[in-house]
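So, here come the structures, one by one.
Paired with subunit B in one complex and with subunit C in the other, subunit A is shared by the two complexes that follow.
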Partner chain A sequence: MDNEKYTDINGKAIALNYQRHSSFCTEFTVSSPKVSIGKVMVATCFVWIFAYAVFFFTDNTAVLSSAIIITLIGMMLYIHFVKIDHESLLVIGSLGIQLSSSYASGREHTSFIEMSKIKDIVINEAIYMHQIIYYLCILLRDPADTSAVSSVVPLFQSSKPRLNCLVKVYKSCQEIISKC
Partner chain B sequence: MVLKVFFPQCCNRADSGLLVGRWLPGRDTAVVLAVIHYPFIPSTVKQYLQQIQGQSQVPVEVLGSWSMPSEKQEGLDSFLRDLSTIFPQTRWLQVSREMGQTGFSCQLLQLPPEKEEEEEDRVIFVHYDQRKVMLSQLHPLESPALPGCEEPSELRQMFWTVAHSEPLFLKDKYDEGPLKLSHWQSEGREASILVELMKLASTPLCLLLAWLLAAWSWVTSTRLLNLSPLRFLSSKLSSCVQLSYRTAHMKTVTSPHTATSHTHFMRKANVLVSLLLDVSLGLLFISWLYREERLARLASALLPAADRVSRELEDLLQWLMGAPAGLKMNRALDQVLGRFFLYHIHLWISYLRLLAPFLEVILWYGGLSAALGLTFALSLLSDMLALLTFHIYCFYVYGARLYCMKLYGLCSLWRLFRGRKWNVLRQRVDSCCYDLDQLFIGTLLFTILLFLLPTTALYYLVFTMLRLMVVALQGVLHLSVDLINSFPLFALSLRVFTPYRLAEGVKFRVLSDEPGTALHLLMEMNALGLGEVVQTYRTPTYSCYPPDSWGALLRKLFVGELVYPWKHKTTKTD
Partner chain C sequence: MGQRRKKADVSASSEKRASEADTAASNPTASNPTASNPNRKHSICMVSDFFYPNMGGVESHIYQLSQCLIEKGHKVVIATHAYGRRKGVRYLTNGLKVYYLPLQVMYNQSTATTCFHSLPLLRCVFVREAVTVVHAHSSFSAMAHDALFHAKTMGLNTVFTDHSLFGFADMSSVLTNKLLTVSLCDTDHIVCVSYTSKENTVLRATLDPQIVSVIPNAVDPTDFTPDPSQRRGGRITVVVISRLVYRKGIDLLGGIIPELCLKHPDLHFLIGGEGPKRIVLEEVREKYQLHDRVRLLGALEHRDVRGVLVQGHIFLNTSLTEAFCMAIVEGASCGLQVVSTRVGGIPEVLPEDLISLCDPTVRSLCAGLEAVITQLRSGAVPSPADIHARVRSLYTWRNVAGRTEKVYDRVAGEEVLPLDRRLLRLRQHCGSVAGSIFAFVAVLNFLFLLLLQWLVPDQVMDRAVDASGPRALWGPSQRDHPAEEAGAGAPTAE
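Entry: the complex of A and B
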């Protein structure tokens, strides 16, 4: 554990935890900030003020009740499918790499990539909107041609940490991969 | 070097004994399958393992020793070392548990012993649920991997090993015999009597059904039914198409060969379940339809509805024959076309009057077809819709043909206008010298066609709209039939109720991280996503082929080619 401050590409604070289970097994967890109550209130206020304006002109109470239902369902969908709280990377030497992301509602999505399929882990550059960002990605080996790369799996897609955080993860990963 | 040991969860608390399993070829990976308890006779163990090897084609061997702490054992360590000389192996695992500790400790003895190395830290224990691993199927599906060949994926090899060593798991824990084993074993032998009975009954049933199907396909392949008009008609009627699909499905289900591969089995099961679902839905539909005189009310409501449609059409034609939306049309052509269509509607109404007394009987017998499945009722409904809106189809065809011919004439005359012509032999436009008469007549005809085009285009537009409405309705019916036909309900319920059966991969959880002991991981199944289940296991039907794109449809409509709801099927056969 270290107390260095990390931020994502938009300047919001994120936390990087890493846990060394063994000399060849490390788990990195990037946690993004939780849903703030202020944002939720602003969103609901907007929907309800809009619904009230419509109600004022149409005198139809169905508008108000549908606004409530829309807000509730929208929030549920948001925390279940959109908002990712933690993204973690479990590197197990000679076995593989496991990526998992846990959503705000508690749903977890996990995928495991075997070591025999992994060619390397690299930090890459990408053009994102109007800026250039760095991201960490796993290069997958092409089964037909061992020197070629068949596809790229980007890591920490939702939290998008900055370079200093990525370098830290990259170094530990390389250490484990080169050892085994 | 990191040593990986896949260890079954059920053997965590087993008594001391020998570890039985397999080293994955070319890797430092051991898959433990079972523990043989003390006391045993070494020659019996060897004999038993050979017998298992013969049954399962998995090279099962003795991996090492397993010691569970208990009070009465002392001097065990030297005994365990001696065991390795009884079972000569190149590598010998010594796994032991200590009192009061959750982790295992492991030693690997390399033989010949000069290479002996003891690395406590570099061992990974992966605990797996033997039952789940045995029953699960890894995706994406690949051709079955043989143990000897160069199969890169370690997990697949491990899954293969566990799945194929089923004969090992058949030995009961409570059997009296020279060997005592500890492994996963099935708990539901009594309950499976029902399954066995059903299996016994299914064989003669399948034979009977196969015989009936053979007779049916003999009837359909007779010469009388394959004459060209009948054949054309049956390829256009969706109920006939559905019948042929069902026959193919039934043939798959009742084939006397047992399904060996996973895909084959899933296909059979999916087809069978969708068949049962279809029939039960159909019976529900029948029970709804034949109660409270719904059928009679339907029949009596059908004719006024058709009348009403005809009346609306007449009104529409009257409107078109005047000045529709303020457009000024060519009056003479407008009148001719309008009268022609009006006469057609008149013919249509008299045809319906002729049909009226028989309508209820037809509906009654048609409704019975739902006993074969809801899909039959739906396709019959689609056919009836097509027959009842035959006049709209006729109008559409007349309009489209007229419009198409006009466009064609305009195209070729436009070329003449510019002193060119279409060369058929070379498939290109050539320049050409026309004489004066040809040019005069051509230009005159071009002008006439150009001025008459808006009138025909208007009729074409209106009738195309009507036709598209009918086609959309039929398309919805076809889609729902297709959904019932191809929906993989069995695979989906397998995914919902036993998520480990269809695995996308695995996921690991770190169990203990005490420093100094080996790393313990728990392996769990990562279930396949619902969308992927549907995609992998859906029964292929004609909707799986790419249908016409919207652009192609619009182009066809603009040029005046005919559109059909079954268009994508004919493109497949072409």
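Entry: the complex of A and C
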């Protein structure tokens, strides 16, 4: 474990943990910052002030109660489907790579890619919104033509760590992949 | 001729350096410790709407110039807009990095300009590549003008290369020239491709001629070598390679073909290129039954051009306006006799004995062509190999890159005006109405930049891994002289 500070592409602090289970198996976990109370307050206030403005002109109390329900449901959906708490990458030499992301509500989404399908892991550059960023991705082998790449699986899509963090993960992954 | 111009350019730039030293002495804030170092390596960002896969003179100019600058140890990246599915970041030969930014294309492959929307992405490119000089190309490119504007807002030095000539009389020219005045008012240095083009640009943009240099285009002489065995015996072939548009004088060509074909039964025309004026040539061919003697080849790939050129004896150029005609140099390099109109920068391009210049009329061009045909028949023309040997040393990309490097050295030492003085200059230089409007736009742009810097601070952006330049991780220059590169890399370190 090292003490280097990592941030995501917007400058927010993130944490990178990695566990070496053996020389062939390493698990990386990137944890994003928790939902900030300020952000929740701003979102809630925004909806409620808007609802109150509508109520002021319509005098219909249903508007206010629906605003409360909308914020509650919205928050539930957000932590269940949008907000990802941490993403992990489990690399097992000769077997494959497991990607899992766990949502703030506790829901987990896991997928596994066999080593035979993986061509390589690389760091690539892409234009994302109004920025140009580096990202780590897995290149999948084309079953028809082994030298071609059929598709690309981007990693750490939600936390979007910066280059120094990606390089660290990349080097360890390459170490494991090159051994098998 | 090229030599003479080079000397003039060098002496002019040395004069400028002396005057620059004076201003630096009188103004202590302008002095920059690294400016005096001639071996300084720059980090250059070429910006233009026009780049490969689009084909044309500007595109190949940017590519060849970048390659030669990389060879000299500079770091070069190119920013252009996305072409169809080609978006994102690509690498070309020798680690030349190209950013295809997703900006909306409006007209003729030129992006829309709002002065603002391209700032976030261009800022990202400039910051992450640690760009020191922004070099914009072509006055038709809105993205180039945007980049000049944003670079000044961000405090970077700028160079602009103009590749075309404009008129002064009609409404659209008046408007374009006003925009050019505003855009170039802040630019540190302007490069034109010929003296005619320099005169035109200085007048259009009301510039100080001191900051305008002339650096001609070049051709790759190894690509264009003569091969007389490809010529068909018993006939004289005239080659025309240009886009078939009004500007290239295709209507003149339509007048020349029947007249000369009637007089000389062994004369053949080989025409390469595509465009709206193709119909004119097809009509002529139809009307005078010249299907066997006038061949229209349609659009040509750049690599096929040489194969067409070497089949001919005479290269004909009928352009009505031209800043610097690359085609006639390519033709001469392949050993052809060149006949051209005397317009724009063409008379400067080739030595007088390699080219026959005519007025842009059918009669004059016919007379010029006939004179050359008579010479060819009597064998009083130099051999293709002789012509090639003379032309190959006239225009080389290494020479162009060396001269452009001098411009960068000069520009890198210049002070970038702070916002208040920039606004003052805009209003003084561009008139009170346009100047005030653009001063307002410049302020808005500055505020937008502050907003972006607050949203995503510069230090949060990752510095890109260099693919070319002193700290390149790949590319031949690194492997050839590692010690020299390491020494030269020190002054550019932040």
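As a convention for this text, the second predicted complex is superposed on the first by the 180 of 180 C-alpha atoms of A that agree within 3 Å, B and C clash if a C-alpha of one lies under 4 Å from a C-alpha of the other, contacts with A are read in each partner's own complex, and residues count from 1 in each chain.
Here, a residue touches a chain if its C-beta (ideal position, glycine included) is under 8 Å from a C-beta of that chain, and two chains touch if they have at least 3 such contacts.
Predicted, not measured: the structure shown is a model, and the values here were computed from it.
Set side by side, subunit B and subunit C differ in how many residues of subunit A they touch, and the one touching more is B.
By the document's definition of touching, of the two partners only subunit B reaches A:22; subunit C does not.
Once chain A of one complex is fitted onto chain A of the other, the partner contacts of A:111 are limited to subunit B, with no touch recorded for subunit C. Legend: residue contacts after superposition of the two complexes on their common chain; A:31 is shown touching neither subunit B nor subunit C.
Of the two partner chains placed by the overlay, only subunit C lies in contact with A:7; subunit B stays clear of it.
By the document's definition of touching, neither partner reaches A:71: not subunit B, not subunit C. Interface of subunit C with subunit A (complex): residues 87-89, 99, 101-102, 120-121, 124-125, 128, 456-457, 460-462, 464.
In the complex of the two chains, the subunit A residues touching subunit C come out as 7, 9-11, 125-127, 130-134, 162-163.
Looking at the complex, you find that subunit B touches subunit A at residues 2, 4, 28, 121-122, 124, 126, 152-155, 504-508, 510, 513, 519, 521, 526. Touching subunit B in their complex are the following residues of subunit A: 19, 21-25, 27, 90, 92-95, 98, 100, 110-112, 114, 116-117, 143, 180.
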